[in-house]
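Common to both upcoming complexes is chain A, partnered first by chain B, then by chain C.
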Partner chain A sequence: MATLAPPVPDAGRDPSPAAPTAHRRRRGGRRAGKPGPVTYTLLTLTTLVSIFPLYWTLVAGSHTNAEIAATPPPFLPNASLFDNFKLALEQAPIGKAILNSILVSGAITVGTVLFCTLAGFAFAKLAFRGKGVLLALVIGTMMVPTQLSVIPLFMMIAELQWVNQLQAVILPTLVSAFGVFFMRQYLISSLPNELLEAGRVDGASTFRIFWSIVVPVARPAMAVLAMLTFLTAWNEFFWPLIALTTANPTVQVALAGLGSGYVPQQSVIMAGTLLGTLPVLVVFTILGKQIVGGIMQGAVKG
Partner chain B sequence: MTIASQSPRDALIAAPTVVSQLDPDRPPAARRRTKLTRNNWGYAYVAPFFLVFGAFSLYPFLYTAWVSLHRTSLSNIDGGTWVGLENYRNLLQSEFFWNAARNTLTIGILSTVPQLCMALGLAHLLNYKLRGRTFFRTAMLMPYATSIAAATLVFAQLFGRDYGLINTMLEAVGLERIDWESGTWTSQFAIAVIVTWRWTGYNALIYLAAMQSIPGELYEAAEIDGASRWKQFLHVTIPSLRPTILFTVVVSTIGAVQLFGEPLLFAGNGTTSGGSSGQYQTLGLLMYQQGWSNFHIGQAATTAWAMFMIILVIVGVNAVIGRLRARADR
Partner chain C sequence: MATVSFQQASRIYPKAERPAVDSLDLQIADGEFLVLVGPSGCGKSTSLRMLAGLEEVDSGSIVIGDKDVTDAPPKDRDIAMVFQNYALYPHMTVEENMGFALKLAGIGKDERATRVREAAKILDLEPYLSRRPKALSGGQRQRVAMGRAIVRNPQVFLMDEPLSNLDAKLRVQTRTQIAALQRRLGTTTVYVTHDQVEAMTMGDRVAVLKDGVLQQCDTPGALYDRPANVFVAGFIGSPAMNLVTGDAVDGGVQVGSAVLPVPRDQLTRAAASNGKVTVGFRPESVRLAGPGEGLPVRVDVVEQLGSDAFLYTSLADAPDDVLHSADLVVRTEPRTPVTTGQQLWLSADRGALHVFDAQTQQRVD
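On to the complex of A and B.
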């Protein structure tokens, strides 16, 4: 998971909606000029292009090869979609895959948010020897490709006999360098030192300070990190493909199996693809606005 | 607008005021010193991260270098023989490596350049006072939420030779059907389309975030000088976005070097050769083929290191360009 944060100087970092100050109103984002019809046309076209392939899984999932190749092609789904769902579930263990993916992504999210908040807090607000070097190490490795670690990782899980077991895909992804950097940046600007001092004066232990002072302040950033991590973990492809088989797959491994196997009707592949994508599309429909906000604050690329 | 802007943080703004009122004479330097009291708690906080990180990222990263100096097979993982730089020599003499490197480069250019240009234009449009702003932004991020596997399977259908929608459309307007998968340029174009589709909206949002932090005064000044909208975009927006553009170029390039899932699933038969004549085999796919189809783990490790070197060179070149441009501006 190679991740980086963009050098966007406080972009979206402080869009506090309560008090739009004069300065903020004059920002580039809100400059004069109403968008014309051309703008709306272009944006609508882009929206169509963005959504069409997803809609097309519905259509292609409910028609046979011959029907889908007809001129003009069908543009509406129909009831055979449900038959194809059934066929897809027979071809690939998608039900099990969805459960596995929820488990894996959930565990990775909890671990990443917890460990990255702890480390991010230390890098933001605590002093200790070697801090600079350690932080440079974290940031430097953000550009190391996944390919560079899969071979020893595979040897490791083979040794531990973890091949095809979920911990093989959970453990290596349990932390993210991006997460540490993201939490550090957030805590530097939002956690006042005085608050920590007040806690210390009151005699609170370091861990008590973490739970009752740091975590409440960090919560909004933790939520953003959680959403982005879950999404990335759900879509993780390369390592799960190596560590798991279709006997105990995540959604992506099951889809890869479905797409690589011999399935004469493409509608079945499309129906399976839709099933495997549906959970994340539902989540995205509900939390889309927050995810957009999170990406504009700091970016992930998995 | 974002959840990060909700109340808990605002509620805390009062705290510093109280403290400084209690102790008005304390110089800021002293306050900084209290904060940086050295103790060992920091290690406890970073320990969980570095334990996992060390075991599953740092150690494998270094060990890959060690493996690349051995002849090791998947069936005989522990018993590799030391071969020095032989794997690297073989790699540089292998036509498969150069083929994959060339494909990675062309697909990389085909996907990264249009993607970032379109993202820039889109961000510009999204930066207007729009009705349905949230809707547009969210819709454009849908492809990012779609997994590589799902996106590739759908596009493989769309680009399919016999049943694909795109060929149906081509025929409907009187053009020839195209066998997208078997041609070199057509297959690489199709794969680049998948990548572009998944990442354009995401990059547009990154640019949008950066655009919103450009001070409005710059535009006002340009307007007073009589600069047109287009001139403003060229002479105010683009220069202000330069660090962000550089960042997205680096990130997209790193992604392009690692391209794997799209070429693996595009053929629809799960082979790792990247088409019947390797016409769209990328370095990522080659590495997977060497390791998990041919079981030559040592050779695969060498390819992985070659990929890392390429990334280092690209990042280095970008850093130099960034520095030179910054100096030229001064």
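On to the complex of A and C.
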């Protein structure tokens, strides 16, 4: 039992009779709050399973088609990676597609986070007539399948002469019902009314309260929403395929055009996919740091 | 600095059966420290929030200085508020928290820093100016909330139970500090609490509320000595005043087998509505009398506090009638040789008796 307990810094130095009690309490705390070997094993397995597809993309993308098809398949990356990148870039406008996807996903993310936070704040904390009905309507839109709106949407962008233009992909998804609901729930639970009242007494306008008090408090949720939105927008395939042409595609549309000969060229597809995934990994790394809990700690005594 | 006046101000919450605040009339003098006190749900916080502009006024009006602010937003009222849970902005440092209102008011960086530092000095917060609220103790957070209010130099301070989150010792300490600070700054202050000891020790005047209705507003001494009705009599003072109700008889009020002496004309007026009279007396104005003289009681509990002792007693010959049975508290010299279960006789001076109409609950003099 003693070997399982974490080192207690004061245990050796503190000869007072209170020490054993403190020790026991810490061990109890460890059992309740800190993970044990089983948790670590499970987490390690989950991590490996999650990482494997990405690793396999790297391995497959760095071999030729014949090498991947061999038995047993290769398990380590190879030097052909850059040749495959080159092939992929020749077969589809992946560079342009990545740029397009960054523009589209970036705009959608900024728009969604901003508008959903604004709407979520209004639904969570402001009093106005018809609030309940409006919220029900917003949530109700989640029940309408995307496919249903494709034809009217296409007619609209055709009317606006936006076919094959990026705004055709950006504008329809600039705000999401899920995001509004998500921000509302977060603000209801994390933003005490007293903070808003303190702001009002301090002389802040509603917009100032939003900007100086609500946004800092909502930052962790905004980061989560940003990450989810960026991923969804980046992976979107159906609507960009319809609204854009292969000459001006997003990443997913461009990847679909890769290795589409008589025999699919797995290695080129994988190399292209790897290229298309890198920006997402960068975004994930940046935003992951933003998701810091405990920002509300100390605002109100509780 | 300004006067504050509530004129028939009412607040009725939607779908509520009765007003949360009912026709409140209250004049607060310039520089006065007024405490609103009452049990929970009595409307004291609502009254304060109406004054702050955080709650609508459904009828009547509120005036600060010579300006009617009934419909003015909080920022146009020149008030500062200290919240029960402090409501410090979690992402700002102590300095930014205190300077936020000044920043919004468009006051320059240098003056802001000077004023924040002055306030921090008064409140002993200088070492913590660059900390965030989560790195502060409860007492320090409370002081930051105070600092945020005083830095603005407003016309009126509003405080909504600012001490209720502190531990007992710190509460007593901070209580005197706040009172001293208010005297020093001379700013009109409205302070809400449910703790009558806080109310009595801090306020120039104390307003007692119950069910949204103002019961009495007077100096702490006057509230204690001349409570306007049975509620105030029972609410102010610790332990509470002893209140017994009995029939008006010749020479006084019949309680159990004893008659508490009440002057004839006072008795007549008090008994006018239904023949019953409520009599109150403070624990400290009761004397132990000789056997057979006065009110016979049985001692249930003896509380020795060192400085004095409290005897919790019940009427010895109490009939099974709720109106006639009552628990009576008596303050005696410490270490009085009294044991639980012992029978005693109590007497109260005629001048120490408070007489109320049992029907209307109003004081009769």
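In this text, the second predicted complex is superposed on the first by the 221 of 302 C-alpha atoms of A that agree within 3 Å, B and C clash if a C-alpha of one lies under 4 Å from a C-alpha of the other, contacts with A are read in each partner's own complex, and residues count from 1 in each chain.
Everything below uses one rule, namely that a residue touches a chain if its C-beta (ideal position, glycine included) is under 8 Å from a C-beta of that chain, and two chains touch if they have at least 3 such contacts.
Everything numeric here is computed off the predicted structure, so don't read it as measured data.
Student: Which holds for A:Thr47: it touches chain B only (first), chain C only (second), both, or neither?
Tutor: The answer is first: A:Thr47 touches chain B but not chain C.
Student: For A:Asn235, using the defined touch cut-off, is the partner it touches chain B, chain C, both, or neither? Pick first, second, both or neither.
Tutor: first
Student: I'd like to know which partner A:Leu195 touches here: chain B for first, chain C for second, both or neither.
Tutor: A:Leu195 contacts both chain B and chain C.
Student: Output check: A:Leu174 vs chain B and chain C. Expected answer is one of first, second, both, neither. What do you get?
Tutor: first
Student: Please indicate which partner A:Ala204 is in contact with in the superposed arrangement: first for chain B, second for chain C, both, or neither.
Tutor: After superposing on A, A:Ala204 lies in contact with chain C but is clear of chain B.
Student: Per the overlay, which chain contacts more chain A residues, chain B or chain C?
Tutor: Comparing chain B with chain C, the partner touching more chain A residues is B.
Student: Jot down the residues of chain A that show up as touching in both complexes, chain B in one and chain C in the other.
Tutor: 192, 194-195, 197-198, 216-217, 294-297, 299, 301
Student: For the complex, give me every residue of chain C touching chain A.
Tutor: Within the complex, chain C touches chain A at residues 52-54, 73-75, 79-81, 83-91, 100-101, 104-105, 132-136, 138, 141, 148, 152, 165.
Student: State the interface residues of chain A toward chain C in the complex, per the touch definition above.
Tutor: Interface residues on the chain A side: 192, 194-195, 197-204, 208, 212-213, 216-217, 294-302.
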